[in-house]
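Look for chain A in each of the two complexes below; its partner is chain B in the first and chain C in the second.
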Partner chain A sequence: MTANHPPIVEAVGLGRDFVLREGPFLRRRKRTVSAVRDVTLSVQPGEIVGYLGPNGAGKSSTMKMLTGILTPSSGRVRVTGLEPSRERTRLASRIGVVFGQRTTLWWDLPLRDSLGLTRHMYRVPAADHARRLAELTDLLELGPFLATPVRQLSLGQRMRGDLTAALLHGPRLLVLDEPTIGLDVVSKSAIREFLLRLNAEEGTTILLTTHDLGDVERLCRRVVVIDHGRLAYDGDLPGLRASVPTPRVLVVDLAAPAPPIEVPGGRCVRVEGPRQWVELSANPASVISEVTQRHDVADLTLREPDIEHVVAALYRGAVPSRD
Partner chain B sequence: MAEPLTIRALRPPRAYVRLAWTWCRALAQYPTSLVLLTVFVSLGALTEMSGVLIVFGHAGELAGFGVHEGLLVYGLSATAFGCADMLMGSVERLGRHIRSGAFDTMLIRPVPTLVLLATDQFTPRRLGKVVPAAGALAVALVACDVDWTPARVLALPALLVSATALCCAVWVAGACVQFVLPEAHVAANSLTYGGQALTEYPLAVYGREVVRSVTFVVPLAFVSWQPALFLLGRPDPTGLPDALRFAPPVAAVLMCSVAALCWRAGLRRYRSTGS
Partner chain C sequence: MRVHRAVFARGLRRYSTYRAATVAHVLTNAVFGVINATVLLALFAARPEINGYDARDAVTQVFVAQALLGVSAVMGPPLDLEDRVRNGAVAIDLLRPVSLQTWWLADDLGRAAFQLVFRSVPTFGVGVLLFDLRYPDGLLGWAAVLVSFVLVAVVAFALRYLYALAGFWLTDTRGVWAAAGLLGPVAAGTLLPLALFPTTVGDVLRLLPWASMIQIPAEILLGKDTLPGGSVVGGLALQVFWAVVLLALGALATSRATRRVVVQGG
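Coming up: the complex of A and B.
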């Protein structure tokens, strides 16, 4: 994106502390825990950014500061040019927020009424609402359950309803907190395709937290990893892979069970009958030719390290943070 | 924002009505249950009212107040608390919403959070409290020997609005304690329901200290006691200056300001739940 657009999200030195009181009643001590420390982050219009981290790393706290739910303890943050905690209500009409774990819809109302109510809250003109609802109904296939009370919807249906509610007012930024949690493969993929399309066609900026690395691989050109409240990585997905030494693995199916393969540039890490896993430390081509020369090979596959292992390695502190 | 201030000022009440109406429509799916619950609520209100009548029936007179004057005090108090309960009673579920995370979903809406909280599960069955109370008030106003000067006629709606606003403010301020202590609605109820029970009787029966504290600390005296003195044109038997009876609007504005400050402070301090 061009530099003359102001960033959608700009955080500088953002931090949030929580004061915990612990111990028995009379000997209570205060302890300050930093959920988020010194996070500096800038998101340009049109980006899809995945915000990753283990449980308790500070993902949700960051999202809550960006949406104005939590007031930061330190640092500055601007979202669409507004200061979230001070201008929360104004900001709310410019962004859409979806919590995967809980619905923002009205439990007892039919989905259509819930969506109608959001129209009034966001003051969307009736014609725009009708047009957009028709579009989203079509894209997310809401038709069959528009008249169903929200409490009777399946998780996947409810998620699509929540997405619709968050998008009816045409927000510039969509914040998703674990949008695919608990969904089956089909629903997950439907939601991912929808988000990609939304980003491509309307230029909606998307910021999502997730534990689902399928989401990341499919959606995010940019990944931000947070660990213990600090930024551990900010960059693209190949860069994240390269930053952690997780070697590629050659899976060899031999014609018959054999002792562990020993070749230069490869180390056998696992044997299961005729199948062996060889961790590569050299150019795969040379290792493959060595293996095929020395052994009777039925099949070969080369496995890229999946992002899950990369992130796990990053959490374990395999790489120091960049600064 | 180029919109006139009046339109912006009217937005929260309009949002309130819209949300409340939606909840009513949702409830209307189960009409029998709604009607039955409303009947039960009004039976409760009638029981309370007959309590007042029985006390006055036995005692004849309390602190110089006969049964009709007593009913007037009851009517003023129960109408104001009933309206406040209907309008703002839902705020006492704040702690529950915070724990379930539902409060977070209210904070991301472009509508004042207090409006969302107050309209959550809005139910017309609370009218079951307001209607009998208003009926009692009407009967008392006719039965009592009120000298209906133009000032009194004009003051009556102002007194009722002030009293309702005061009760709403008590409800909101009480709910704000739950930002700090999520189980505090029990403590807040001592002011809300307790306050109602207290103000249903002429305050003079409780003695001087109680009257002073509900005049100057938590100004519940302006819900029913001072308005009743004004309508009946009586001197204050506890010896407080008569000028106080003109103060209910002032007390309402003050108490609402306190409640607004509590609410803002609570939101700033809000910690959300881990998820």
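Coming up: the complex of A and C.
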């Protein structure tokens, strides 16, 4: 991540408007809607960046502009030094893209043949293909279903197949659109571990959109939040937490049910039998000592605000952008 | 080129898995061929010659038309691309380092190759067994027919590619097929040989792209002088013309579609 490397992704003032035609036939009116407005973003080689936002915030439109299937209305963008919409086909051989809700594989072909077709598409030499496929087969445990037609694969297997297809040509940038959607916990974690390893060992830059905040917490050192087409946050995860006033919570298990705890710097927000939730507004250490002095405490846990609440607060507009 | 060969082979193999469907299609085409031929024989029993066609020419064209229904797809099926435009999966196709048009051309030629061997040949064979047909002159005549049939496949693709790309602007192309599926077979000469139409109507229809999928190849097989320039070469030239023009329009529409139009779906 030295400064003399050119960025993998560089967008300046990127915007996209859509013209909608509304109203009854013959009396249609045009209305312009901005899906993405003035997005400036730079991603360095080797980063893992999470691109978050509620549905309709402009995530997919941004991804489409970065991969060249949507032409920006304003601003400029370079991905691996190319202008995506004008050099789409060239860019395609430098990046790998996985859409969680779609597949790039051929439903009627066995996975191995689908991947073989991909090899011809990216003109990967046979020896390189074989080596890389062996590596990925090992890492993603494709072995048991390489000969299975794609239509018979489970969602988790298919996703691993799609990841393989996107990585066989050794792309510098991997773009993932909701890669873990619909997967069970085991498959999710397998995919996350794989992505971390890919990033660490090959330095592949990863840009992913997700609604799964587990993905974000496990994978992303950097988080970009978009809302109503504008960047709402760009920074690391602790910074995102700090930017939203979501207090930490002390969960107190008392020896016996008691009236709500009242201590300086703490406010009881919930009581369930002997268990109480205290929202902290002061230093946890002082609150904890107060609570243990005044009450007969069986157990204590301090809960960090989870990122889900932070992002939800950010979506609701609780925080102005940081510039 | 390697990738196109692979895509072609896959298109061919994919259709080869639909064995029962292929048998059913051949059967349907043969039955309709027999019905059409019988009707036309009744017609020609009353008038031995219409615009240069005799009964034998007409019956031969009926079986050429039935034999080419699969290759030309004048009544469908649409390209799979059409669905992919509607549901947004075309985004995946556009993210490949291969041109959208040549990719689908290779895929559809694979389909057409299968149809030519396993539908056209047996369907025409039924005509050969049951009726007195007219055949081309010698090896050169048959070679011209083969070239013509290959051009049918290219024109058929190029036209359906345009129908499919219309989806970028229209959202849904069912209307396109409602019109094309009805008018296409008439203009192609599937329903009736164009020779049976009033001469001016027939002459105009002959020049349109649909005729290059049935009527022109039938006339090439029959060696008719109603072909452009009065020769087989003229007929092949017209097919080449439509193949080139429609593919060029397709290329233009592709760049327009991807530059100006939104790929649907999240």
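Note that in this section the second predicted complex is superposed on the first by the 322 of 323 C-alpha atoms of A that agree within 3 Å, B and C clash if a C-alpha of one lies under 4 Å from a C-alpha of the other, contacts with A are read in each partner's own complex, and residues count from 1 in each chain.
In the analysis below, a residue touches a chain if its C-beta (ideal position, glycine included) is under 8 Å from a C-beta of that chain, and two chains touch if they have at least 3 such contacts.
Not measured: the values here are computed from a predicted model.
Placing chain B and chain C on a common chain A by superposition gives a clash between them. Judged by the touch definition given at the top, the superposed model places A:302 against neither chain B nor chain C. When the two complexes are overlaid on their common chain A, residue A:71 makes contact with chain B and with chain C alike.
Of the two partner chains placed by superposition, chain B and chain C are both touched by A:102. Using the contact criterion defined above for the overlaid structures, shared-chain residue A:92 touches chain B and also reaches chain C. Judged by the touch definition given at the top, the superposed model places A:117 against both chain B and chain C.
Common to the chain B and chain C contact sets on chain A are residues 18, 60, 64, 67-71, 85, 88-90, 92-93, 97, 99, 101-104, 106, 108-109, 113, 117, 120-123. Taken in their complex, chain A has these residues touching chain C: 18, 55, 60, 64, 67-71, 85, 88-90, 92-93, 97, 99, 101-104, 106, 108-109, 113, 116-117, 120-123.
Every residue of chain B that touches chain A in the complex is listed here, in rising order: 15, 18-19, 22, 25-26, 100-102, 104-105, 107-112, 268, 270-272, 274-275. Put simply, chain C touches chain A in their complex at residues 2-3, 6-7, 10, 14, 17, 88-89, 91-92, 94-99, 258-260, 262-263, 266.
Residue ranges of chain A in contact with chain B, taken from their complex: 18, 56, 60-61, 64, 67-71, 85, 88-90, 92-93, 95, 97, 99, 101-104, 106, 108-109, 113, 117, 120-123, 177.
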